[in-house]
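To start, I am sharing the structure in question, which I have written as structure tokens.
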Amino acid sequence: MDPMAVAGDVLVAAVGIATPLALAATGEVLAERSGVVNLGIEGAMLFGALGGAIGATVAGSATGLGVGILAGVLVAALFAAVAIGAGADQIITGTAVTLASVGLTGTIYRQFYGPAGVGLSLPTLSPIPIPFLADLPLIGDALFAQPVTTYLMYILVPLVWYLLFRTRPGLAVRAVGEDPTAARAAGVSVRLTRAWAVLAGGALAGLAGATLVLAQVGTFTERMTAGRGFIAIAIVVLGRWNPVGAGLAALLFGLATALQFALQAAGLDVPYQFFLMLPYLLTLFALAGAVGRGQAPAALGKSEG
Amino acid sequence: MLLTLTGISKSFGAVQALRDVDLAVAAGEVHAVLGENGAGKSTLMHIADGLLPPDTGTVAVDGRPVRFRSARDARGHGIGMVHQHSTAVPAFSVMENIALAAGWAVAPTRLRRRVEALTERLALPLDPSLPASTLSVSLKQRLEIIKALAAEARVLLLDEPTAVLAPAESEELFRFVRRFTQGGGGVALITHKLEEALAVADRITVLRRGAVVLSSPRSEVTAEGLTTAMIGGSLVVAPPAVPLRDGPVLVQCEGLEVRGDGGRGLRQASCTIRGGELVAVAGVEGNGQRELLRAVAGLTRPFRGLLEVARPVAFVPEDRTTEGLIPSMTLTENVVLGVGRAASWVTGRGVRRVDWSAARQRTAELADRFDVRSDGTEATAGSLSGGNQQKLLVARALERRPRVLVAENPTRGLDLQATAEVHGRLHAAAAAGAAVLVYSNDLDEVLVLGDRVLVAAGGVITEAPAGIDRVRLGAMILGQGGPDAE
Amino acid sequence: MTGRRVRAWLLVGALLGGCTAREAPAPFRVALVTPGSIADAAWNSGAFTGLNWIHDSLGVPVSHVEARTPAEQEEALRTYAEQGYNLVFGHGFEFQGPAERVSTEYPGAVFIITSGERVQGNVAPLIFRLHEASYLAGMVAGGVTKSGMIGFVGGVELPPVREASEAWVAGARAVNPQVRSRTTYLNNWDDAALGREAARALIRVGADMLHHNADAAAIGVFQAARETQGVYVFGANADQAALAPAQVLGSAVIDLPRAFLLVAREVQGGTFVPRVESFGLASGVVQYVPNHALDSLVPAALAARVRAAEDSIRQQDGP
Amino acid sequence: MRSNLRALGIGAAALLIGLFLLAVGLELAGYDAGAALAALWDGAFGSWRAFTGATLVRAVPLILIGLGFALALRGGALNIGAEGQFYAGAIAAAWVGVHAGGWPAWVALPAVALAGLAAGALWMLLPVILKLRFGVLEVITTLLLNFVAEALVSFMVQGPMQEPSGIYPQSAPIVEAARLPFLFGSRLHAGFVVALLVALALAWVFARTWWGFRLRALGEGPRAAEVSGRVRAGRMLAVALLWSGALAGLAGAFEVSGVSYALYQNLSPGYGFTAIGVALLARLRPSAIVLTGVVFAALEAGAGAMQRDAGIPAVAVYVVEGVVILVLLLGDAAARRQASRRAVPVVDGSP
């Protein structure tokens, strides 16, 4: 076997695994830059996945992506109403929203597809190789022969970076996250800005969930996000609250996961559980190595009311 | 008239903050709004600035009535507020802060050029790419002014602008104010300093307890008249105690060096403080005095040098509600926290317990003795007024029977009566044999309070000669000559 | 204050306990406890279908509950026994221990433990030798593979899962001793996206024949096969050809509903004797079901060999 | 006292609203809501057996983990990795319990409990070090370690701790002496009493001890607590977090020695997360955590009954739990707003 080809294939998998994580983490960067920690994105992803499945069942993949995004926004709106509207503790609200989402998606899914949940099988978005770029050695397939959602991620990550660091609304978002009092003095509505950031974050989380269904497995299963929303939050920290950093951190996590399966498939005589731990341990140590205290938005997690 | 406030009233619950107040700012005029803390000056400015809506009354710009829904709204009408405390986002650069306030585009190259052009035009130089958190206090204020003017303000509301400035810096500020009014702008200057109002203003309005008690042109008022109007009666001031000059040495430092949080910190300090002395430190913020006080209080570890401090030490921090008291906890709990485990109500060995009824009783006594007005010992500290919070902080500091008492800006934001009471307590502590070390950014307070004066400049602590006057002290804190200057 | 509040709460519980005792049980009722969601299109949904068959064919009341943890599982068995259910299915080997404990308290109820271990009182195992079918699937894979590498994706490493994976490899080697194999575990039954990645990793190291025992997570395995030219996959538990009609060569199937119904009939008729009930290929409950749409891919000689092996396994099983 | 009553009122209202929404949702989905709620009640409180064997048995880990969560959060630290610490405790307890052959119960039981405590604290050690040395938020690290713990349990039950026949993914059963005795002739094990005692002890620590008071001060006003010179934040939080982990570990130990008698992979249905709701609903008050622990346990016990007797998907109960917490937060916020309307705001631009 050609080791280059194997490495290239692992990269393909890494980018695939990283795509929903990067999307969700980018959304969370937006929210956290505005000073809001949204643990509810696990729920928003789960709803995005269900929305994607239902939308695609009714009217095809494109609709599925749209419904998934919309579902993510709705979950984020619930979070925003309680955590921003009423000024409740963000961590607790996020936990509750995720809890309710696990229950609701499970219930709705069974309601929609029968109590035993037929294994629905949707057509998935197939990889679209980009001419020339896809022929690059090693990274060509990994980066440029991916489903449309990965390309969306390529667009959205820099877009959110640009939005945050080069535009006025982005400036307002960061001001609100650093110093709500100063932002208010500058005439920025703290709650409204945070609400928009959280809703946009929810849209990205919904898209991430829909990606799981529409670009990867072609079906919805209960609890299928399996903690990816929480991983995305760790990725935000690892990426130092920068969309590009988060994208790279997601790639690192994707690489660790892809490597994990590659190692299992390589038939090494090591208990597979240690490979399963790999992505999480790697993230932990990366955090210890990379994170300084001063990186987080100063007003992060402090409810305002 | 650029800005006219007519018949403004505002209340918060049962508290009537403003009662039928009129105020007008004309083009080319500095209008001083004078009053004690709590007289309603800030509330009035917040109404002018769009941060608070008035209950009744009207706000007019250029004679046309307006309704501000936000600070942005007010800014759109040419009203610019310069807050006493910086409203800059610390993590942002100077130019990002200006863009945020003025609504400018964020693209870095263009933004920098635009900011540079503005600062040049205003003759207020400031590096656009410096992070706001690294600016000195006076530069932070400069940034506030540039922010307001970037938004094309025609009326500047200056809230206690000289509270944190050295005299020379204040002079520079007032030179700018004159340039601004000569260019057709109007200024409302909020202050509690008589001399300042008399020196700068064209017109003076005095507020007391939310109502206008006097309003006339500068030429028609006297210092005495203004004092009577502000206070509405005579002051009770505790007589300064006679210091014990030959008390034991309780604080001794030699070649002391303390690292600051990002700033320069304290580079060099040598001092001796005896029991019975009240030593005041003068300095502009960020010159090492904070590090000196906190090292003496035992909160930061010296980087180098010798520091010996007698125990127990008590500390009264400047920021009453984040470093001093815990607003969500009761008076009793705050007292228990501050006094520590040496208190009589902490009992037992191994697992120490708190006897809450004893602590409550003692807190009630302290509140009574120090005149802390509250809804009882189980009220939250956050429900107290600033003056009462400060009295509680001082009370609990003294409850430790400290041999060394350290206080930062102990009267910041207090009215004259409360200030006098706090001064009295500090003197009394010294008279009882403690070594008292106080920092104040108000030079007058330093001169009134200190038996001796230390000066912090550029991270170096020197002693001011006895009998120094305000002007020379002002020069010293800016590092411009002093007794030891070469 | 603490103590008082707690005591009051306990008292409420005690009072309620006294006044809502259950009525006498209905003549014959059947219950099912599954260790996971019945929306998995495989192991658990098959059992649930079996329960519904019992309801429809025998016209008896049925009930189902999901119990994910050992504590919940024992409690669920005990509650059904307490409520007077006559027949309780514990759908997995993990119910063996709890059922034995509960059975001593409720000797009247019959507990059937799918993939159970042994008979104890009224606890009897219902064993499915799915690995016999997986063996046949392995034979097909071993004969058809071009790369000489086959892969298996397991959900959680449970005994039936391991047995299936071992039989699958043995079957392949029986046809082609040179076949190499790889096995990957997910430690999860729900995460279909991970299932897909695991399968893709196997495909990358050259596996062109895949088999699984991962319930809902295996949907990702089918997805991976659909995405890759020349890779074929074998279903498990149910006939899963529909999940990837052009890639599924066959499925190792357990006809759970039929087995459930057989047992329920006996218990209802009073003829049930606790015994180790084991279903293999011979019973027809376990089957290897080829996807006839792809018959052309399986050489006739190989198909004949598989049929021969199937016959000989049936003979060994006995009637 | 009055505020206690009001808190209880808000809690009860939140619960009722949550149940009401569940009923509406079920009716809309075509289920018989009345029968479902009746089943919920029966499954949780319907009989002495249900109350002790289903509800209170579940309440034990919820109460213990909830107490640990409250302990850390009172000091301002968020431990959302109780699930991992629970498993660490279960592993250690099972190890000791399996190897306790020949020990008398009065040695074996404390040894099992101590093993759980120690392992839970040990699992918290890495987050504590990362927090103190590198400033990494404990929210992230404790969470990531949950995933690691799950893999570790899987390894244990397939590897070094697998039962002797080597077939099943579970440990050998623990010896009789290491099994907790039952209370009142029910399935409720003695861990319940320990949970109550821990709640009492923690209530006492918060209300009466110098350490507990300082911990609360640290949580309510971290800067003021440090500047007062009475609190060393790092050390105090480390101790609180380690105890928080230890209590979750104890919960894991009790689950092994009181319920499952062996180590399994799927020992926890998510106690670590549900317990967050338990502690918050109780506003971190130990005595109230006992109450809310029982309420959440009753909801989960009742959820099983709803599925059993009324055919409602068991996952629906998560909706109730989530909604109860959300409604509670809203009620809290409303109460706060009412209180602040009466107070005079500080007029310097900050609310």
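In order of appearance the chains are A, B, C and D, and numbering begins at 1 in each one.
Throughout what follows, a residue touches a chain if its C-beta (ideal position, glycine included) is under 8 Å from a C-beta of that chain, and two chains touch if they have at least 3 such contacts.
Everything numeric in this text was worked out from a predicted model, so none of it was measured.
Interface comparison, B-D versus A-C: the higher number of contacting C-beta pairs is recorded for A-C.
Farthest chain from chain C, judged by C-alpha centroids: B.
A separation of 74 Å divides the Cα centre of chain B from that of chain C.
Put simply, the C-alpha centre of chain B and that of chain D have 46 angstrom between them. One inter-chain figure worth recording: chain C and chain D are separated by 33 Å, centre to centre, where each centre is the mean of the chain's CA atoms.
Residue positions of chain D touching 2 or more other chains, listed in rising order: 151, 154, 158, 311, 315, 349. Residues of chain A found to touch two or more other chains are 106, 110, 115, 181, 184-185, 222, 273, 276. The residues of chain C that reach two or more other chains are 37, 187, listed in rising order. If you draw each protein chain as a dot and join the dots that touch, the picture is not a line, a loop, a star, or fully joined; it has some other shape. Inter-chain contacts occur between A-B, A-C, A-D, B-D, C-D. Against chain D, the residues of chain B that register as touching in their complex are 12-13, 15, 17, 42-43, 46, 51-52, 83-85, 87, 297-299, 315, 317, 319, 322-329, 333, 336-338, 340-341, 346, 351-354, 356, 383.
Chain contact summary for the complex, chain B toward chain A: residues 51, 70-73, 75, 81, 83, 86-92, 96, 99-101, 103-108, 147. Every residue of chain C that touches chain D in the complex is listed here, in rising order: 1-3, 5-6, 9, 12-14, 16-18, 20-22, 31, 35, 37, 63-72, 74-76, 78-80, 82, 93-94, 97, 156-159, 187. Interface residues of chain D, counted against chain B in their complex, comprise 208-211, 213-214, 216-217, 220-221, 223-230, 341-345, 347-349. Note for the complex: chain A touches chain B at residues 165-168, 170-172, 174-175, 178-179, 181-189, 297-298.
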